[in-house]
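Both complexes shown next keep chain A, but they swap its partner, so chain B is in the first and chain C is in the second.
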Partner chain A sequence: MVKLGDSFREHVLSYLDAGVRFDGRKLDEFRPISVEYGISHNAEGSARVTVGSTHVLAGVKMAVEKPYPDTPADGNLMINAELLPLSSSVFESGPPSDEAIEVSRIIDRGIRESKVIDTKKLCIIPKEEVWSVMIDICTINVHGNLIDASALASVAALTSAKLPGYEGKVVKYDELTDKGIPLAASLLPVVVTVFKIGKHLIVDPLPEEESVADARISAAVLEDGSIVALQKGGGLPVTAQEIDSMLGLAQAKAGDLRKLLSGKKLK
Partner chain B sequence: MAYNKRFDGRKFDETRPIAARVGVIPEADGSAMFSIGNTVAYAAVYGPRELHPKFLQNPQSGLLRCRYNMMPFSGAGSRVKPGGGRRAKEISVVTEKALLPVLNLDEFPNAVVDVFIELPQTDAGTRCAGITAAAMALADAGLTMKDLVSSVSVGRVDDKIMVDLSYKEESYEGEVADIPIAMIPGTGEISLLQMDGKISREELQTALELGRKACLQIYEVQKSALKEKFGVGGKIG
Partner chain C sequence: MTLLVKDKDVVVPGEALASGMDYLPTSGTYREGDKVVASRLGLVQVDGRLIRIIPVSGKYLPKRGDVVVARVTNITLNGWVCDINSAYSSLLGMKEGVSDFIARGSDLTRYYNIGDSLMAQIINVTSQNMVDLSAKGPGLRKLGEGRIIYVNANKVPRIIGKAGSMVSMIKDATNCRISVGQNGVIWLQGTPAAELVAVSAIRRIEADSHVSGLTEQVKAFLDKNKVVA
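Let's turn to the complex of A and B:
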């Protein structure tokens, strides 16, 4: 995170007071976003998302594993974020950082609680064999708004995934079937993080804006606007009224982001 | 068995299609992307920057530190566990050795130049693609370099000597030798040499000659990618 003094915070605030960001955007405006599918041929599903110069990849790998004892007839889900030292000078090699764990946990909750994946259909033999869906997020260039970009890439990768063949207890990774992961399109979670700086609310911050933000709330939003995961971050508390305004903005923006996913038809 | 025709129809001295781009990671001090067939490598350079932990610092010279990593979804078959195993560690070390001869880090005492290589998609030849990308990224970072480094694999499938083996060729049932090499194009010297498999001295010389020619082609692609970023009138090449 860029560490900058109070005078810089004043500078950012003076821009926001005038209703403009220093890259010329409005407070509730995202940078240009792109979603590209099928960027890694060995993955069962994959996607590249860019939000401005922030650039992340997500890939889905499948495996047949034992189900968890408390969900003996449901497929497994695992989400992991690799904040690669390639993508920013602030990331280091080694075990996952607190930030990496937070990013993956927010997305994990969004996907899990949305029930977008029909995990029952991923069961092969109850108590013995189920499909595990493993989503890995890998960062290429991180320049603000890592959470939203990572969540969008994860969901995009999920929609593009195909189950591998499975015969005689062997997963045939080189023979993908035409069956996708069983998904309900209206339940695809879209994560939008709203940042509070002074009295202002913004989305899609630059690193400089993130560094002076008082608080942030990430919300995973479904097509009907319902919220399935929440995470408050940042150093300062927020009021119930502020939460309501932040979620209103998150819902509105989630609708815009969702349109970027609609390019992919679900089976 | 005889391997008379390559699986993808290539000539024995022909590489897969190659592409290169410089400056793809704006957060880094230097960066590049290199692809050869379905193998894609990103490289980012950070530094020279202060080296931590401090006891690793060398007051005589800067240190080159490379990290090679396959993304968890990049490999054929099941997921690659993150964190890197012995293979990734070894490749990181030979990558350093392959690149170091063209660098002069004496002007950066106590500092480190970090090179991060990431593979989002693999189909053999990953360390070579990583080294080729890293050389461009080091140049993009503005480091003083004697030359670039160009890298490709050569080898033998049955009785045929060839360049740039694909994954399918590497895993061919008959006899296979897989030999990743890296070359300093200006002098023809070789800064990476490894082999899995079996080969005669004569065959190795034939393979190295094929590799030399392929590296010179890759060198041209590297230079044009750098020129594209910095303008054709630049000093490169």
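Let's turn to the complex of A and C:
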């Protein structure tokens, strides 16, 4: 993160004390979000999500692979985040950074633990052939709140994916079927990250706010409000009471974000 | 012999502006064969035999004499390395940074620490684009608690206005302290509500810099969003 002087934290706090953010938003308000489907010709499903000027692409690729020995009749899931150097001055090329691994892990656990994908239906021949679902996240521009934007893009891409044709051990990527990935709409996870700065809790931070935050909690929330995955980040501890209010805020905001996904009919 | 574009035309890099040796390339242009060619996106300005381009986009290029807002990114044996929102980093030498006598091995963070911002003047740019800064001079100082915004460096003249008229108007209306660097970095200090008005006024100027009657528009905007102190 960009290091700013210590006095800068005081300045951010003076804003939060006044109940506004650097761009005039309220503390619990998101920037305008857009979700666009089917942006890639080569992926089986794809989505573009913008949250303010944060801009993320996600694509779903399908492949037929051998299942893992411990889940012989379940499809595989793999999520990878690519934090491209062009999208932020702090990203470098090379092997995945800690941040890239964390982003993909949070989303992976959200999707996996929600059980939104009926992995049994992705099985072709037990112990031999199952569909692998691979989600790749590419950042185009990162201006705060990368986790929530990437998670929303990943889930949106999942809902828009179509299985390719599969005949005689050959996957026909140029002939997509009209069958989607077997998903349960009510189990779609929405990830909301709540940041703590001083005594204030905020969502959808700007980079300036992220750089002075004490702690953050990312929660993957289902339609009924239940939380299926949690990740705590940032250097400082949070109290039990703070966790309660952070999760409460995450659940409330997840409902708002979920409405953006409903534009797509599930099959 | 001939000019291929009109004065104030918008041109793109690579576009031929004039042919023949009668015209001379200056900033934003270069000569290729017998042609003068644009190297930047911008408006052509023909001044007698001289052709130059007023850029409308692009990163800040350091120029000697510019007053910039710099941020300290590293401390070395002989000064502070600063980010000036450019492709090139800059060095604030120990002698140019402070007037105090600095003993060998003393703690340089006492003067400027990593992350601190300051107003500085570019005193030299070498042919290799090594930039030297100075913090000695009228109006040059360390910038304290406040926020920093980044604007297109090519729009800075409009934000400052004629003899500082535009920025003074914003300062008076919002009661903010504002320092505008030629490098497109602007430092503001005031109450949160006042800063938000000042920032949106600056963003308006940046977006509508080509519009005539901009001063009146900004004045109307500031009147409408009066900040009660």
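Keep in mind that, in the parts below, the second predicted complex is superposed on the first by the 267 of 267 C-alpha atoms of A that agree within 3 Å, B and C clash if a C-alpha of one lies under 4 Å from a C-alpha of the other, contacts with A are read in each partner's own complex, and residues count from 1 in each chain.
In the analysis below, contacts are C-beta pairs under 8 Å (C-beta built on N, C-alpha and C of every residue); 3 or more make two chains touch, one makes a residue touch a chain.
What you see is a predicted model, and the numbers here were worked out from it, not measured in a lab.
Of the two partner chains, neither chain B nor chain C is touched by A:230. In the superposed model, A:22 lies in contact with chain C only, and not with chain B.
Of the two partner chains placed around the shared chain by superposition, neither chain B nor chain C is touched by A:13. Looking at the superposition, the partner that touches the larger set of chain A residues, chain B or chain C, turns out to be B. By the touch criterion stated above, A:260 is placed in contact with neither chain B nor chain C.
Of the two partner chains placed by the overlay, neither chain B nor chain C lies in contact with A:238.
Shared contact residues on chain A (touching chain B in one structure, chain C in the other): none found. Across the interface of their complex, chain A is touched by residues 71, 113-117, 144-148, 191-193, 196, 200 of chain C.
Interface of chain A with chain C (complex): residues 3-8, 10-11, 14-15, 18, 20, 22, 24, 208. Residues 24-28, 38, 42-44, 46, 49, 67, 69, 71-79, 82-83, 114, 116-118, 120-123 of chain B touch chain A in their complex.
Per the touch definition, chain A reaches chain B in the complex via residues 39-43, 46, 53, 55, 57, 59-61, 63, 80, 82, 84-89, 93, 95, 134, 136, 138, 140-143, 171, 173-174.
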